[in-house]
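Multiple structures are listed underneath, in structure tokens.
Both complexes shown next keep chain A, but they swap its partner, so chain B is in the first and chain C is in the second.
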Partner chain A sequence: MTKYYRTLFATICLAAFSCGASAQNKTIAIGYHAPLSGENAQYGALFRNSATLAVDEFNKSGRLPGVTVQLKFEDSKGESKEGVNIARKFSDDPSILAAIGDFSSGVSMAAGQVYAQTKLPQLSQTASHPDFVKISEYQFRNITTMSYESPLIAKWALANGAKKIAVVAIQNDWGQSVVSNFVDYVKANGGEITDVEMFNPGTRDFRSILTKVARGKPDAIYLGSFYEDGSAFLQQKVQLGLKQQMYGTSSLYSQKLLELAGPAANNLNLSTTFMLDSPEPHVKAFVKDYEARYGSKPDMFAAQAYDATNIVLKAFVAAGGANATRAKVRDAMAATKDFPGVTGVTSFDPKTREPAKLLTKLEIQNGKFVLVK
Partner chain B sequence: MFDIFFVQQLVNGLSVGFIYALMAIGFTLIFGVLNVVNFAHGEIYMIGAYAGWLSITIFAPPLFVVILIALAIGALAGFSLERIAFRPFRRFRDEASLKSKAMREATLLSSLAISIIVREVAEKIFGSNMQTIPQDYLLLTPIEIGPLSFASGQFLIFGLSIVMLGGLQWLLKRTRVGLAIRAVANNPMGATYVGINTERTIIATFVIGSTLGATAGLVVGLYQGAIFPAMGFAPGIKAFVAMVMGGLSSIGGAVVCALILGVAEAVTTSFFAQGWGDLVAYVFLIITLIFFPTGLFGGGRERV
Partner chain C sequence: MRRKLSILVILIAVLVVLPGILVAVGGGYWFRVATTIGVFIILTMSANLITGTTGLMSIGHAGFYGIGAYTAALLATNLHWPFYLTLPAAGVVTAFFGILLALPTMRLIGIYFAVATLGLGEIIHLTLLNWVGFTRGPMGISAIPGIALDGLFSASDIVNYYAVALAVVVAAFALGRLTHSYYGNALRAVREDDQCAASMGLNVVRLKIQSFAFACFFAGVAGALWAHTTGYISPADFRFSESILILAMMVVGGLGSLPGAIVGAVILLGLPEVLRPIGDYRMIVVGAVMFLSILFLPRGVLGETSVLAVMRRQFGLAWDNVKHLGWRQ
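This part shows the complex of A and B:
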């Protein structure tokens, strides 16, 4: 019996050695933390789906011969203290060269404080708080913020001949950033702001705001809200007989808006980063693969995570694959330029690490989102 | 400043005011009889809207049938509410319990509990988001009169308020049930002694009040294009303010105060930011309480 074991042991050693020698297989990892339980669990599930899809595709493609990329997932439960614990755990794991997460700005920033010290590059697919990327040079995000989107819409409205524009937005942090970025751009570029109206969250009757806005006789109205408030606003605007052009934030891009507002949504101009029925081949392929594997259509959040994972994978390649270090991966991430993501062509500013994307312009026509060229 | 936009703003304000009024009518009726605040009235309003919405999505009947369904469900909801949240506290028939403040406050909390449970259950079943209402049922058809723009729903809400108010006056003044309700409102013990069936009268009050609440919820939901579990909360607060301003037990007073609130909010919005509108409503409340402690239309002994 002992002889048998000895032979077996020798065989295993040999097998392991030969395997290692022939393929020189090295494993490097991405640490991904997101809420997989708790209030935002649905987003974490989407992120995990997309990230797994991206990593499997990458390993199959053989872009890094001899290197297997592993995805290590942790549940942050949407809590900052969990985020910090996971960040410590990831930092102590030498195979992890980059972290992705978290879902909310709050948890991302808590974890970011740890990553800043341990010098592990961190990319969040959704954290839009202005201070997130200011923590250290190790924080990145691939979601655009209002400081990027609002001026773009302002430029579009001015180009369409709107000189006098009124702004209506929800009264919260985000709504404030919608307004300030838009107003600054319009004023700096020869436009006129007739009115800025903030409405309380939960407002369902917009008639008095609309009547007040109409008094200023604007050419266009820019609406910063989510689709529920947005649909009530659009319906009441039509009922009051206001004919102004409508522009909206990307948060209005939802099938639910079309359902709730019906014909009142027509002629709303808005932008988005991810368009489900985009004619572009790489977006089509992503939607098809995702649906085939998970049985549901991806949305903007799934697409953001897919891009985030691919940006990190691309940085792994650029940083030298098997020889990559955390510092090299960080530098490679900072150098991301014209990355052809499913949420648009993405570039990172090497200094501020803020993303720039080509936003897709849409107009609602006959109850459908139609691409504007 | 006093141009056509201002007139439009008054129209907007009156339409908001009538929404508060619709809710305040049922609220005040129940308060007048039991002398307790029914915190679940906002949920009755929501149940009416959901009942109507479900009937629309399932078999798309004409609008008046939808309203009848909301009425029926509202009556049922009112009956159940009284059975679950109010009757258990009337088990004790002795004089001390009947006059006890603690008893009264207990029903205040039990109705609040029911309101939270009903709202959470609705969220679990239907989700907390707004429901999609088929376009044909929305009461948002623009009706233009000169430069002013009205919505079909505004006329319906206006008509409904008048019918409710008139119908209720007729019911209270001309029918036996109404007489019994007024008697119980005035003196529950006395009413019992002269042979009025107090229990049945209280049930009748709940059923009537809740029918009005449910109908209001449906019509307002269709008019605002918004049916969701928390829809009863905001108008419920304003209806409460209107009821207090109107003197707690005067239905006509509550309606007038609801209109004042609606117009004040709209006019405030046209001069300041929208956030100030709510502030004005509560300033009115405080002024009323300081200078007219019994409310603008209170004062009399007789309730309802």
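This part shows the complex of A and C:
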């Protein structure tokens, strides 16, 4: 009798299993970790908005019939100790085939040590630390690093006649690479660096730095910061009556900068990969969808996350959808070439996994970002 | 006899039962969480010696944790020292800095000492951040070798767990002997009234420096364990907020209570992980748990006096009860 029940039970299980298989509704997932609380929470919120948008669009499009892609979001609080726990959690989840995150290079790299061990491909939308993609062949990023951007701005400043340039940047891993790449290019091409000033994160009073910088009588100042510090810097520069040309990093490209700095932001030259008023149809569509769903305009960070999610989704398709494995997804990500992202056409170098993108030059005029030809 | 039995029970729990449960619930992730909690248990127990037992409110402990982590990371990456040398070295170097930095603050008490240690923590953090030539500054140190011995075991989550668990046991044993003894009573005397303690013949400054040195030694070991188990450290891991987290763990668990420090670390790091499914609300719940525990258990989950009784009964620690010397309940 017991034997009979056991057989019956096994048959039912088998039937249920085969039914499930024939229905072919398989779920694969992307693990996304970013700060949703703590001091960088605003970026995590943008990432979640964009990633949710991208995944919903993908599931509706039917590009992978019979497969539903799920987005599993975890809050890292911007702390390494949370980041490594999440990385381990994602690695243990067999449905997750790729991870995206984190916001800062520090957390991304700590999590990256785990992903390198567990062989789960990781793509960061913002980690620009030079060593990040060197951790293992499982690390990717879709943001151009300063070794790419800073020389471009240096070339631009020198072409505009600035010979003596001062550099002011935030004291973190990214700020360090802003400075070194810029200074190297300027020195190698006949320019002069009058001063390099690093400010600690959270600085709001730049008057002492500005006074010190002004003493070297530079023609231009190159600012490496985010929009909060950047707008304070620009306002205080105007208050002190400094007339130097301003160049900035792409991280300053935000509507918030225009709101916070007001007229002080005028004549700032910067580059960007994402332009809100771009005439390209896929960028227009993204801006429209994002605004319709979340009631605010996306910025560069939101756009980076949107592209990162879509690069992973494309890799899922290329890796065989329902039959995709982590190794196949990794290979498909490494083969990313001419991906038409909203932050520009993106290609990954198959060996170094460094991205290449076109940068657009902008100038702020009358409180608006204007394209520079 | 009872003492040996109690120690045996603890060892079996930490080295056999707990890993068994972790394997049963799925392994990897929970081992990783347990490793993080273990590092913070050592930190909280060590800070507890200064803040709980000696009564000097220290809010710069993350700085010493950072010194230990950087010592181990730099020795391991530049000089290729194995972990069994970097761990004690990190402890010794941190204890040395602890003594050096504590000397000027030894005449301070109460809130003045707290503000001085706040300053120390910030000085250490900013030094790690801005001394780019030596610490690589905000770039941090990557590719720190894991805990591995050629031919015996290689770096993995279980090895990390055992390394941290053994360190927790050793730290708990050493700090337990320190706090539950006549020496610990002397430290408590300093906490309750330092002038009275001095008039009884205790060398208050020396006791304070010693407790600082012991605490910093274990904070350094915790930092080294963090560096080796994570593989990448940056100054952002040793900010002021970590010091506050350690302080919160102590207060929730029970100031001055060694098991309390363990319970506090488990609650404040375990709860956010367990609560991950509720997403955005999890830190609110953690905050509420902290608030309610302070409201209803102001002496902590495991308060000092009740713990002393248990320590005396189960471990024969604390002083000789028969002679009615020292602290009577």
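Definition applied: the second predicted complex is superposed on the first by the 230 of 373 C-alpha atoms of A that agree within 3 Å, B and C clash if a C-alpha of one lies under 4 Å from a C-alpha of the other, contacts with A are read in each partner's own complex, and residues count from 1 in each chain.
Everything below uses one rule, namely that a contact is a pair of C-beta atoms (placed from the backbone, for glycine too) under 8 Å apart; a residue touches a chain by one contact, two chains touch by 3 or more.
None of the values given here were measured: they were computed from a predicted structure.
Enquirer: Which partner does A:Gly106 reach: the first (chain B), the second (chain C), both, or neither?
Expert: Second partner only.
Enquirer: In the overlay, answer first, second, both or neither for which of chain B and chain C A:Ser91 touches.
Expert: second
Enquirer: Check the residue A:Asp173 against both partner chains and state whether it touches chain B (first), chain C (second), both, or neither.
Expert: Touch status of A:Asp173: second partner only.
Enquirer: Does chain B (first) or chain C (second) touch A:Leu36, or do both, or does neither?
Expert: second
Enquirer: In the overlay, answer first, second, both or neither for which of chain B and chain C A:Thr203 touches.
Expert: first
Enquirer: Examine A:His129 and indicate which partner it touches, taking first as chain B and second as chain C; both and neither are also allowed.
Expert: A:His129: touches chain C, not chain B.
Enquirer: Who does A:Gly262 touch here: chain B (first), chain C (second), both, or neither?
Expert: first
Enquirer: When the two structures are overlaid on chain A, which partner does A:Gln236 contact: first (chain B), second (chain C), both, or neither?
Expert: It touches chain B, and chain C stays clear.
Enquirer: Would you check which partner chain A:Ser80 touches, where first means chain B only, second means chain C only, and both and neither mean what they say?
Expert: After superposing on A, A:Ser80 lies in contact with chain C but is clear of chain B.
Enquirer: Which chain A residues contact chain B in one complex and chain C in the other?
Expert: 171, 198, 200
Enquirer: List the residues on chain A that touch chain B in their complex, please.
Expert: Residues of chain A touching chain B: 171, 197-200, 202-205, 207-209, 211-212, 214-215, 228, 231-232, 235-236, 238-241, 256, 259-263.
Enquirer: Could you please specify the touching residues of chain B with respect to chain A in the complex?
Expert: Residues of chain B touching chain A: 3, 5, 8-9, 12-13, 15-16, 19, 129-130, 132-133, 135, 138, 140-142, 144, 149, 151, 224-226, 228, 230-231, 234, 265-266, 269-270, 273-275, 277-278.
Enquirer: Touching residues of chain C toward chain A in the complex: what are they?
Expert: Touching chain A: residues 26-29, 31-33, 36, 126, 129-130, 132, 137-140, 142-143, 155, 157, 230-234, 236-237, 272-273, 276, 279-280, 282-283 of chain C.
Enquirer: With touch defined as at the start, can you tell me which chain A residues reach chain C in the complex?
Expert: Touching chain C: residues 36-37, 73-75, 77, 79-82, 84-85, 88-89, 91-92, 104, 106, 109-110, 112-114, 117-118, 129-131, 135, 171-176, 198, 200 of chain A.
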